[in-house]
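Next come the structures, one after another.
Look at the two complexes coming up: chain A is in both, with chain B in one and chain C in the other.
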Partner chain A sequence: MRIPTLLLRQLMRLVLLLACVSSLTFVLMSNSPIDPVQAYIGADMLRVGEEQRAAIAEHWGLNEPPVQRFFTWLSAIVRGDFGTSIIYRQPVVEVIQEKFMSSISLLMIAWLLSGFIGFAAGVAAAMKRGTWLDRIIQWYCYALSSTPTFWAGVLLLLLFTVWLPIFPVGLGTPIGVRADEVSWLDRAYHMILPAITLSLVGVSHIALHTREKLIEVLSSEYITFARAKGLSGLQLVWRHGLRNILLPAITLQFASFSELFGGAVLIEQVFSYPGLGQATVEASTRGDVPLLMGIVLFSTCFVFVGNSIAEWTYRIIDPRIKEWYKHEA
Partner chain B sequence: MKRSYLLTIISASVLLVVPLLLAALLSSKGLLSQLDARNLSPSWNHLFGTDWLGRDMLTRTMKGLALSIGVGTAASISSAIIACILGLIAATLGKTADRIITWLIDCFLSVPHLVLLILIAFAAGGGMKGVILALALTHWPSLARLLRAEILAMKVAPYVIISKQLGKSSWWIATRHMLPHLLPQFIVGALLMFPHAILHEAALTFLGMGLSPHQPAIGIILSESMKYISAGMWWLAVFPGLCLFIVVRAFDMLARSLYSIIDPSRARQ
Partner chain C sequence: MHLLDIHQLSIAFESYDFRMRKRTMPVIRELSLSVQAGEILAIVGASGSGKSLLAHSILGLLPEHAAISGKLTFDGQPLTDRRMRQLRGNQIALIPQSVQYLNPLMRVGQQVEEAVRIGNPKLERQKVFERFRLPQAAAAMYPYQLSGGMARRVLVCIAAVSGAKLIIADEPTPGLDEQVAQDTLLVFQQMADQGTAILFITHDLTAAAQIADRVAVLHSGELMEIAPASSFTGEGTALVHPYTRALWQALPQNQFIHVKGWQS
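After this line comes the complex of A and B, so read on.
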């Protein structure tokens, strides 16, 4: 198969997926006990009369049957109109864009950090298999997967802002400084601790996976042969092991966007970092239905992009799969 | 080998029963505020210290853990049942059913889990009901996928085909050949859902979904503690989180050891 066909197929899958997720979301929301008019009015409850409520419901088309409402909503979304966020009083698309721009650097740094640290730890554990180093790394990974993400955040916050005041307590920028005066250094400084916390969470999966893979590779015949030639230690891994274990590791890391996003929701809440994760929590606790639906669809796309990149890396880099596709054509 | 697994299972079970027992034994007097015992650091009278209202943190933590374990149990049992039903339908009711369910599983797995939890908890109107519903409705996909794959693989396995040719009924094949193979997978899969469900319950309550602030849930305790850690009240955050960690870890080890014992391919080792 040629690349354009594959791309087209990928796109079709995304469209189908979004259709499925949006209809599930719609069914959930329309069966919800939450009254959208009530949620919209919020604190102004006493100042809005019955007629005005009816007018809002009429304006939103709430009196129409659900199927028709669904298609109205869907056609608006296809045109790129996700509605207006109730909390931010801005179009949902703009809110998501702005918040995501603030989150993306945090996500990227944490993602890269966890990838590198996890990979290195996995390689170290496999090379020193059965020693105390291996045992410590394995124990650490298993322990980490049982640790509540937000608790890890709270502990680090306690450690580095209260007991050893090295880092700021939270927020994306210093308090009392105007938005246009905040330098990127300030932003970076405020991002270090959340990014480290978020990366801690992602380490365990990739480290354990890399360890398994490298042990498998190290017991293969070509490694025995290379050992017989006199190669050992890092040189051996560098020449013969790395290429074999790098690809699955990269794929795994790209496929972890879902956990990354979930982690960011919790971490941003702990550190009051003004990103998309915090917006998700605010949207749900303050009843901002349009924003929440927008975020659900956006995060689905985010995860889909990660999975697609993982798939394509395999296609482009792995010689075996490249061959396979050639034969398929 | 088997002995050490058994030992792990017993000690993990003990670790899980302790909070349940303590939660039942400790009187709920500790949940009431005692204004003369505010902000006390850990001591023999208050092992985990007290909070800014003078509530005993040990009592709150144990009651919270018991609640978490209860919610986790309810959620993972219902999720396991959903997984079982959908997995069976996908594997036995033909291609269309299989395709629809596989697609549904893919859909569920492609929304970030936490976002899905928040969405369902929100749509259910929040509260305890919302949290349980969200947990129960989102933990089934991987187990359903596993069961489906196992059944499909078994349907073409030589021993099943031979059994069919020997004239055995499908009921006989299902109960004698498939069930003994599936049951351990199912039990362990359901048990491994526990740690996830409990961690997610804590995460949801931490984010302020669901439970009211008066209920002693670990997530709520930890999110409240954030206001007080800058005042140096570290015990509010450290002990409840540590207890949650121990419970989750115990469940995880319990499930893994159990798997090592009942998995037929490893049982002979």
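After this line comes the complex of A and C, so read on.
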């Protein structure tokens, strides 16, 4: 199959996925007990009269049937208009852009850290199978994969901000400093703890998976033969093991974009970190449908890209699949 | 002096049954044999007779739950686990029994080159490919791209480039067409003539009798008999053990006799 055909097929899948996800979100939001007007007004409820509230609802088009509202939104999307966020009173695209910019570094650092540490831990555990090192790594992984992310976040907060005050308690920038005076160092300093928390939890998946895979590979016949050829230890694993386990590990890591995003939602909430995760929570609890829909579309694309990359790495690393593509082309 | 001397080798696998009682399953019992430099010793037996385990035990490649007893001597010195690890790949080489033993994700040229112990790996690989009539282009291929016969020749190449004094060939000929199989046997003979000892593990008694100096017959982990290859002729009257004789006589080109009681 030719590569353009493949890309086109991938694109069609994405469109279909976006349609499903956005309509599902819309159904959920229009059935949610949250009254957007009330959420918008908040504490000023007493000072805003019935008439004014009706006027707001009218202005937002809340009185129209949900199906019509959905299609109004959809036709605007097709024209490239994502609407205006109710709570931020800014275009949705701008909000997402701004929030994502502060989230992306957090996400990428957590992703890279968990990938490298997890892979290394998995390899170490498999190579030292049955020893205390293996047991510690396994124990850590099982303990963490059964730990809720937000709870781990709270624990780390307690540990590193209260008992050992090394890191700031929350937020993305220091308090009392003007936005244009915040240095990248300040931002990095505020990002370390959330990023570590997020990667700590992400490590266990990749480590356990890599351990399993490497143990399987180490008991394979070609490893036996490589031993017979005189290879051993790290050299053996480096030459004959890594390539064979790297592919599934990379795939898993790219496919974990969804968990990464889900983790970010919780972690940003715990650390009051002003990123896309926190915006998601805000948008859904305060009934900001345009923003939530925008975030849903965006995060779907984000996860979809991760999965697509996972699929395409096979073509680069596994010669059997690479040659197959070449042959089919 | 013998190059390899195996004295009273026993291998058993330990396992636990459902009541967690330790059970020991013997697979090789008190086996003794020896190989000289330049000699081809064939080890013949049906599948399940413990031939491959014997090969792996000499290289120290048995799984951890294997209980091994007996004394192995290589080149006059005891062959300990430590020494096995040092010797494998340069003094003792293996020709494994299937192409599954090639790394599926590594080019075969690289797999041959990493086995070279003396000289320029690339040059040695080119020479050995020529010797075994493999196209040089095959070096850039992955195992799945090779035909069965080519992959087997690659396995033979890997043992040949190591310059080992002892080559353990574990069923190297099945799946090869007649011509290539004959070529392989010829190569073994050439290597033996140059002083390499070869442990030729096979279930093909004809091939064994053709190139080996002596033939050891293995049955259910026990050594039945070690006979000179010249005994495998005519009706096999020179063979001592009834199992060996039965095996020889059962061959199609001999009498094709079915002997009751030896089918395990």
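Everything below uses one rule, namely that the second predicted complex is superposed on the first by the 284 of 329 C-alpha atoms of A that agree within 3 Å, B and C clash if a C-alpha of one lies under 4 Å from a C-alpha of the other, contacts with A are read in each partner's own complex, and residues count from 1 in each chain.
Convention: a contact is a pair of C-beta atoms (placed from the backbone, for glycine too) under 8 Å apart; a residue touches a chain by one contact, two chains touch by 3 or more.
Everything numeric here is computed off the predicted structure, so don't read it as measured data.
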{"item": "Combined model on chain A where chain B meets chain C, clash or fit", "value": "fit"}
{"item": "Partner chain(s) touched by A:204 [first = chain B, second = chain C, both, neither]", "value": "neither"}
{"item": "Partner chain(s) touched by A:85 [first = chain B, second = chain C, both, neither]", "value": "neither"}
{"item": "Which of chain B and chain C A:28 touches, first, second, both or neither", "value": "first"}
{"item": "Which superposed partner A:226 touches (first chain B, second chain C, both, neither)", "value": "second"}
{"item": "Which of chain B and chain C A:281 touches, first, second, both or neither", "value": "first"}
{"item": "Which of chain B and chain C A:256 touches, first, second, both or neither", "value": "neither"}
{"item": "Where the C-alpha centre of chain A sits as vertex, the angle toward chain B and chain C in the overlay (nearest 10 degrees)", "value": "80"}
{"item": "Per-residue contact with chain A, leading partner among chain C and chain B", "value": "B"}
{"item": "Contacts of A:103 with chain B and chain C, given as first, second, both or neither", "value": "neither"}
{"item": "Lowest inter-chain C-alpha distance for chain C and chain B in the superposed arrangement, angstrom", "value": "6"}
{"item": "Chain A positions touched by chain B in one structure and by chain C in the second", "value": "none"}
{"item": "Residues of chain A touching chain B in the complex", "value": "16-17, 20-21, 24-25, 28-29, 31-34, 142-143, 145-151, 154-155, 157-158, 161-162, 169, 257-259, 261-262, 265-266, 269-270, 280-281, 284-285, 287, 292, 295-296, 299-300, 302-304, 307"}
{"item": "Residue ranges of chain C touching chain A (in the complex, touch as defined)", "value": "56, 59, 61, 85, 88-90, 93-94, 96, 98, 100-106, 114-115, 117, 142, 144-145, 158, 162"}
{"item": "Touching residues on chain B, where the partner in the complex is chain A", "value": "103-104, 106-107, 109-116, 118-125, 195, 199, 202-203, 206-209, 219, 222, 225-226, 229-230, 232, 234, 237-238, 241, 244-245, 248-249, 252"}
{"item": "Sites on chain A touched by chain C in the complex", "value": "220-222, 224-232, 239-240, 243-244, 318-320, 323"}
